Amino acid sequence: MDIRVQEAAFDPGAHLSAFTARQQGAGAVVSFTGLTRDLGGTLETMEIEHYPGMTEKALAALADEARSRWSLEDVFILHRHGHLRAGEPIMMVATAALHRKPAFEAADFLMDYLKSRAPFWKKEITRDAATWVDAKDTDEAALSQWTR
Amino acid sequence: MDIRVQEAAFDPGAHLSAFTARQQGAGAVVSFTGLTRDLGGTLETMEIEHYPGMTEKALAALADEARSRWSLEDVFILHRHGHLRAGEPIMMVATAALHRKPAFEAADFLMDYLKSRAPFWKKEITRDAATWVDAKDTDEAALSQWTR
Amino acid sequence: MKLRLLYFAWVRERIGTGQEVLETEAETPAALLEELRARGGAYAAAFEDVTALRVALDQELTSFDAPLAGVSEVAFFPPMTGG
Amino acid sequence: MKLRLLYFAWVRERIGTGQEVLETEAETPAALLEELRARGGAYAAAFEDVTALRVALDQELTSFDAPLAGVSEVAFFPPMTGG
């Protein structure tokens, strides 16, 4: 299990390679990479604020929860904070399991919880404005499928 | 769209980096990597036979079908054939979309179809035996969720 | 009871500070919010709509009626937008 | 009608060759299988259980009762195990 909260840019491929290479018995590795999108072509930077201390705990608890729900060989979570440029990777999760279904489901689960339950807040900065990104109802709704 | 059928080993991370870097508007990239598993510790090599000509057509048709079902920015499929060592990556798919749900679903869909509808056949070679891998009922069942 | 209060994102911006220390008798985050709102001005504005807020006690997400007894750090912030 | 027949995986191994050319009047893959099975020996063994086989006509998966008219390449193989 490997959890990172960092300001520095990262290369998703370098992490996927390292994660894949360290697996012993896994047959399936799923990764998700989130990128800053610049829909209007005006985004200059994205600022990500977080809650130091709580962030690390929340991500570790989330990874533990995923491991208790699915039979996983390994979990990787990386989330950036600070200033990001448009198009840059924001965050990444990877899961490893014997079979593909638990690897897919656990990665999907991690993302749904990261969106709405990990203490990060995004602010989009264009030439003219700085706007806090609103939480989406669809993200909240996505959590309900995992309730048990 | 990028589809490869190759004998050579590959680095999943190198492909994920290239795939991610070439996205313009995508906010979500999902990858799946399949590894040869050596459950008993006796696997020496895995031999993958395929149907040259049909393989490429089947993978292209599969990628097209995924693009018709989900709004995707990009699709990548790579599948090896020939002789593979235990632990090596066998194949990889990656999907890019604006949002995470279509990226996840399309990657899951691609994998379900690759398992049972692309003309590859696996043979496990141990010190004592060479055994064709049987198709699994669960793989056939997994396809039914995508029927429409 | 002495509490460390933390504010994040637009809550922090509206209030104008990211943290402060407060001596309070409030028994729940809801009561604490009421007390802060009574200061008026930026506090009243930031905490106007409780449905737009989330609360963590000692770095655990919880509800506004959770007990504050034994807690040392309270954080108020908008719904999270990670991932 | 002249057909190119292809065999893969254990079908290929049991028959002992990966391809052959055949002159046939069979109208469907099922009829063609019947004709091959009648050769006995390795063919009868390889094609004994049709539920263990799949067929592609001109590189498209299809059913055993599809028409062979106009087809030039027929492939028989076990269920696929990709991914």
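To keep things simple, chains are lettered A, B, C and D as they appear, and every chain counts its residues starting from 1.
Note that in this section a residue touches a chain if its C-beta (ideal position, glycine included) is under 8 Å from a C-beta of that chain, and two chains touch if they have at least 3 such contacts.
None of these values were measured; they are calculated from a predicted model.
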> Among the remaining chains, which ones contact both subunit A and subunit C?
Replying inline: none
> Can you give the whole-Å distance between the Cα centres of subunit B and subunit D?
Replying inline: 26
> Taking each chain's centre as the mean of its CA atoms, how far is subunit A from subunit D in angstrom?
Replying inline: 48
>> By the touch rule stated above, which residues of subunit D touch at least two different other chains?
In response: 83
> Got the subunit B residues that touch at least 2 other chains?
Replying inline: 34, 100, 111
>> On the basis of the stated criterion, which chains touch which? Give every pair.
In response: A-B, A-C, B-D
>> Looking at the complex, which residues from subunit D come into contact with subunit B?
In response: 6, 8-10, 12, 56, 59-61, 75, 77-83
> Can you list the residues on subunit A that touch subunit B in the complex?
Replying inline: 11-18, 20, 23-39, 87, 89, 98, 100-101, 103-104, 107-108, 111, 142
> Hey, which residues of subunit B end up touching subunit D in the complex?
Replying inline: 34, 49, 51, 53-54, 57-58, 79, 90-91, 111, 114-123, 132-135, 140
